[in-house]
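The following pair of complexes shares a single chain, chain A, combined with chain B in the former and chain C in the latter.
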Partner chain A sequence: MAETGYALEARGIVKIFGNHVALDKVDFGLKPGEVHALLGENGAGKSTLIKILTGAYQPTLGEVLVDGFPVSLNNPQHAQTYGIGTVYQEVNLLPNRSVAENLYLGHQPTRFGFVDRRKMERDSRTVLARYGLDIDPSSELGAHSVAVQQIVAIARAVELSGKVLILDEPTASLDRNEVERLFEIIADLKKSGLAVVFITHFLDQVFAIADRVTILRNGKLIDTKALDNLTRTDVVRLMLGKDIAFSGATKLEENRPLGEVLLDFKNYGRKRSVQPFNLTIHKGEVVGVAGLLGSGRTEMARIMFGADAADEGTVAVAGIQTSIARPTDAIAHGFGFCPEDRKAEGIFGDLSVRENIVIALQGKLGWFSALNRDEQLEIAGRFGEAMDIRAASLDMPVKLLSGGNQQKVILSRWLATDPAFLILDEPTRGIDVGAHAEIVRTINRLRDEGLALVVISSELDEVVAYSSRIVVMRDRELVAELNGENINPGVIVQAIANHKDGVSA
Partner chain B sequence: MNRSLRPLLATALIFAIAYALAVMQFPSMFSTRVLGNFLTDNAFLGIAAVGMTFVILSGGIDLSVGAVIGFTGVLVAVLITWAGMHPLFAFAIAIIVAGTFGATMGLAIHYLQVPAFIVTLAGMFLARGGASVITRDSVPIYHEFYAWISDLTIRLPGGGRLSFIGLTMVAIFIVGALIAHRTKFGSYVYALGGNPVSASLMGVPVARTTVAIYTLSSVLAAISGIVFSLYTSAGYPLAAVGVELDAISAVVIGGTILTGGYGFVLGTFIGVMLLGLVQTYIIFDGTLSSWWTKIVIGILLFLFIVLQRLIFVASAPGEKAQKA
Partner chain C sequence: MIRRSLLKLANPQLLALVGVLLINWLLFPNFFRVTWQDGRFFGSLIDVLNRGAPVAILAVGMVGVIATKGVDLSVGAVMAVAGAVAATMVVAGYPAPIAVVAALVVGLLCGLWNGILVAVLDIQPIIATLVLMVAGRGIAQLITEGFIVTFNDPLLIYIGTGSFLGFPMAAVIALVLTIIVTLVVRRTAIGLFIEAVGVNRAAASLAGIRSRMLLLLVYSLSGLCAAIAGIIVAGDIRGADANNAGLWLELDAILAVVIGGTSLLGGRFSVPLAVVGALIIQAMNTGILVSGFPPEFNLIVKAGLIFIVLVIQSPLASRLAPPRLKPAAKVAAK
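== the complex of A and B ==
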């Protein structure tokens, strides 16, 4: 160990892309045996810093030191040889190969030039046992849950590097139990002297597991502090650089006069997807949908939008019976849908911001009245401004924007069609605190403008903050509808957990 | 059961049933003679299909295979007949030329980030055009080495013969299977087919692997061209037109997923044999147009693509995760 006491250190890192300074003289030090949280809004430079620490990017200026010695990391594999392993947000393993191969790919034990599969599987079993996993190492990785894949990814990173473990939003797709399991594993690794970098959007998790925190904002280092004497508010203030009201509302919007009925779903359902449900949605109303992952929330949204056809029940739009069997039907009625999985179902990553915004409007207009470029720019510009989309240019590919800005692009896309009804599935997933607040503000504004919205969210504080009414899903069934004065996250949790008699409207 | 085994089993089952039906109609199809000819007649296709298996497993495609076979045949014939070179020298030159050609395509695919479809399409025109520039006519090969190799056969009980080229194909399949399933290189090929981004993050040498895959495919196409010249004793620039498509069919019928990541080299062998069986049946029947081969291949391909969709979509992990 060199005099610095850091397992991994970055000094004065500057990274410039074109004429954009992504990192500006950032210092970062990681001690062995600590969990170090790296925080910042999207676009603050977290992922750029991580990519430099793992060798995926080269710093424009500054140096990276391992155990006090300057190194130049050419690529992630090279970083591995220095003991630096990374687990990314989306599990970056090979679902088509066996668990054992995923653990050892590139480092398989060989005998006479051939891979010694038996030894590899035996070793895998030993390794996985340390993480409390008892699975067949010869089974296909893709057959296991995301949580198991995540643990395999961590096991691989630790096995191959063993000094520094970088976890880039490892909990984004895990449920509560799985997160706890992961934290136990991290605690064990920490005890064994590993240095862990932990990146997340969940402040609770930071306080649950991290020892120190480094906060970045706009590519600049704000501070590195021990967490002991920090409060959540301190951290948020450091991240945002300003005071914001943090999850203020704990009761539903006061009962205000309902608008006229816009939508009326009666016994609406789809076999093996959602049990028939009844739901009336008024103009100027936000209906929050709460429930655990897999409770049928997304499925409900999909049949409302016609992405999956309902096979039971009826729907009336503004009092007139109709059928919504395809998304085009829904769009014709003025519906919009922002799906949960932005990357897979929402944005066209390679298309520009402008094209992404006008695409639904163009779909509505049909083939024969193409919007010309000026009209497109006018529309995109208007929404870009209204929604405060931060893009260098409206012609840059959407995939280069941060998660929050991508979400705003999708929202703009539907708003451009002048919708009557919007379904938002997890609109704040994976976006930072600042963008969070903005999305919530936008939802409130749209409601005040008379739109009807259905918003699905796992964040109960948030659902409570903007909903006029909350429906609760459980086991693919709409089990409760909550409205009134005293609704708080606790009551929703009860409704999710309890049986039907537990809570009633 | 490992779900990628299912298409392989289906192919094997279809082959067994089809062969049994053919034998019921023409009992003489069950003989070492017919089986021996199966290997000999399909040797060049089989060898090219081994290379194609690697390419498709990695998520790519190689359309230049047929053209490389034709080019190699012409090159070998010209070197032997016009330049008076010993066939073994000619073979070595042809393999080096093809290897360079394949490596160049691999480099273009990796570094220029151009889809393999486009790069190998260009390769196809280049190789086919190159062959036609060398000669427009068929160049016959008269050399004692060729005669010697044709006589090099193993007699089987029942009058059948295992020819040198048939055995070459079998050997290449065995070596191919060992490389695909037992070496690190093989695991990299599957890794690229599974998810190239993950593969590179996991430290797979993507550039080297891509270049090696297309080099291997072109080298095997060259060997296939050599075998084809042994089979026909000539080199013709328009030989083996469309063989790349037959090879792709054999690979897909053999249970390899066209999008990469799943499949077995052995499956391709069964795929090639199944195509050979269809052809042999039509020859035995005598009344059917040889175009029926294409129709049957078309039907088989379609069936297998549907089957793969069913197997892989029905048991997609995402679905499980949702239920959990």
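== the complex of A and C ==
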């Protein structure tokens, strides 16, 4: 170990994309045996910094040091040889191969030049046991829950590298128990001297597990501090650069008279997807949907929007029976849908921010009444400003924006169609505090303007804050509808947990 | 404004075309000489336009397909089918206009078939169109009953070899088609939708784009373009050759589209630049012929060009390219 005492260090990193400065002279030091949280709003430069530390990007200026010695990391595999392993938010493994193959891909134990499957599976079992996983190593990885896959990814990264572990939003798709389990594993790894970088948007988790924190804002290093003498407010202030009032507490919805009925789903369902449910939605109300991952929340949203066709039941829009068999039907009735998986189903990465915003409106207008460039710019500019989308230009590819800004783009896309009903599936997942606040503000504003909304979220505090009513999903079934006094996290948890023991693989 | 539109013209494809033409001129000093004879232009440059037209027409159809992340391998075979239909019908005594329309309809149906396989049955485009690539020549042979059907119909011959305002008919047809398709694609929302489907079909469906209709449209257009090219080629040789008409031209068309800057992964596309790509290919072919090199060089040079284009478009090259630094980092950022 050299004089710095850092296992991994970045000095004076500058990274420029086109004419956008993503990182501006950022220093970062990681000690062995610590958990170091990396915080910042979306677009602050966290991902860019991580990609430089793992060799996925090359810095424009500055250097990366491992154990005090300058190194040039050509790519993530090269970084691995220096002991730097990474686990990304989206599990980057092969879901159609076995757990053991995923653990040992690229360095399988061989025997006479052939893969020694038995040894590989035996070794896998030992490795997995260390992480408290008792699963069959020969089973397909994709058959396990995201949490298990995440742990396999961590195990692989640690086995391969073993000095530095970078976790990029590892908890984004996990529920509470799974997060706890992950934290136990991280604590063990830390004890064994591993240096861990932890990126998350959940401040609770930062305080639960991290020793030090580095905060970035707009590509600049704000500070690196020990967490012992920091409060949550301090951290949030550093991240946002201003004092914000926390409005997250339960603001019970005043008893307003309900608007007219907009939608009436009766015995609406789809085989092997969602049990038939009844749901009436009024204008000017937010129906929160609570439930664990896999409880049928997303499936319910998809059949409401026609992304999957319902095979039983009826739906009436404004009192008139109708059929919603595909998204174009839903959109014609003024529906909009922000899907859970932004990247796979939401954004058009290579297309510009402008095109991403106007596309649904253009889809509604059809092939032959095209919006010209000026109209597109006007619409994109108007909604982009209303949603505070931070993009250097409306003509830049949307894939260069941060997750929070991408989410705002998708929301703007639907607002541009002047919708009557919006379905938002996890609109605030994996995005920063600033964008989060913006989206919650927008939900409240839209409700006050008389829109009907269905919002799916795992954040109970959040659902409680803006919902007029909450439905609870469990085992692909709508099991409870909560009103008034019952809209509080305790009741929801009870409804979710009823008749159901611990969640796991 | 003028300077800006001039700058816009300075894209790599047009520069490459100018480069190839200049090399031709160095190898063959008379390359740019155009003469007027018998009411039409003659010269190597005109030859490039004339010979390049069939691939340019194929490229107009192919670029839309490739932009949706697909590919149409059947266009060469569809050319043979359309040529066979037109030739056998005029030989059987049908009026030429009816024969031409019938050939175009057959091409359109071939494209629609591909579109149904891709859009409705969700078969991978390369396999779906391979079916017709193989079957098409068989169909053409059945239509011509195994012979090369020759004809003397003046309209068909005019389409293949005639001239309009002194320019070869084939080139005029290619130009008109390019303009029409470009306008249709860019003045309507179809171009945007094609790009959206190519970039992310799942997101396109959720955004309310009827991606199936769109796929049917682009494959049908590709079939129609192939039929036009097939009629031109048949008129040119005054006969329909089921075995050799349009042979391997699907590969030239794909190459033209790729040279024109459209990625095989779908997304952004440009119809005019795909046509420029076709002209670059033909300029090389003609250059090698007129400069007296043995035609064997043609294939090697073509392969060399493909290699250079692919290297330029590779991720490595874009990483090596110097980052464009501009001080105006914050335009709309707040």
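Annotations for the structure displayed:
We take it that the second predicted complex is superposed on the first by the 444 of 505 C-alpha atoms of A that agree within 3 Å, B and C clash if a C-alpha of one lies under 4 Å from a C-alpha of the other, contacts with A are read in each partner's own complex, and residues count from 1 in each chain.
FYI, a contact is a pair of C-beta atoms (placed from the backbone, for glycine too) under 8 Å apart; a residue touches a chain by one contact, two chains touch by 3 or more.
As the structure is a computational prediction, the values presented were derived from the model and not from experiment.
Legend: residue contacts after superposition of the two complexes on their common chain; A:19 is shown touching chain C, with no touch to chain B.
Using the contact criterion defined above for the overlaid structures, shared-chain residue A:95 touches chain B, although it does not reach chain C.
By the touch criterion stated above, A:363 is placed in contact with chain C alone, chain B being left untouched. Look at A:114: by the touch rule set out above, it reaches chain B but stays clear of chain C. Applying the stated contact rule after C-alpha superposition, one finds that A:273 touches neither chain B nor chain C. With both structures placed on the common chain, the touch criterion links A:458 to neither chain B nor chain C.
Set against each other, chain B and chain C differ in how many residues of chain A they touch, and the higher count belongs to C. When both complexes are overlaid on chain A, the residue A:483 reaches neither chain B nor chain C. Interface residues of chain B, counted against chain A in their complex, comprise 2-4, 178, 182-184, 186-188, 190-191, 193-195, 197-204, 261-262, 315, 317, 320-324. Residues 76-77, 80, 86, 88, 92-97, 101-102, 105-106, 108, 110, 113-115, 117, 140, 142-146, 156, 294 of chain A are the ones touching chain B in the complex. Interface residues of chain C, counted against chain A in their complex, comprise 187-190, 192-193, 195-196, 199-200, 202-210, 267-268, 323-334.
Chain A contributes residues 16-21, 60, 305, 307, 326-328, 331, 337, 339, 344-351, 355, 359-360, 362-371, 384, 388, 390-394, 413 to its touches with chain C in the complex.
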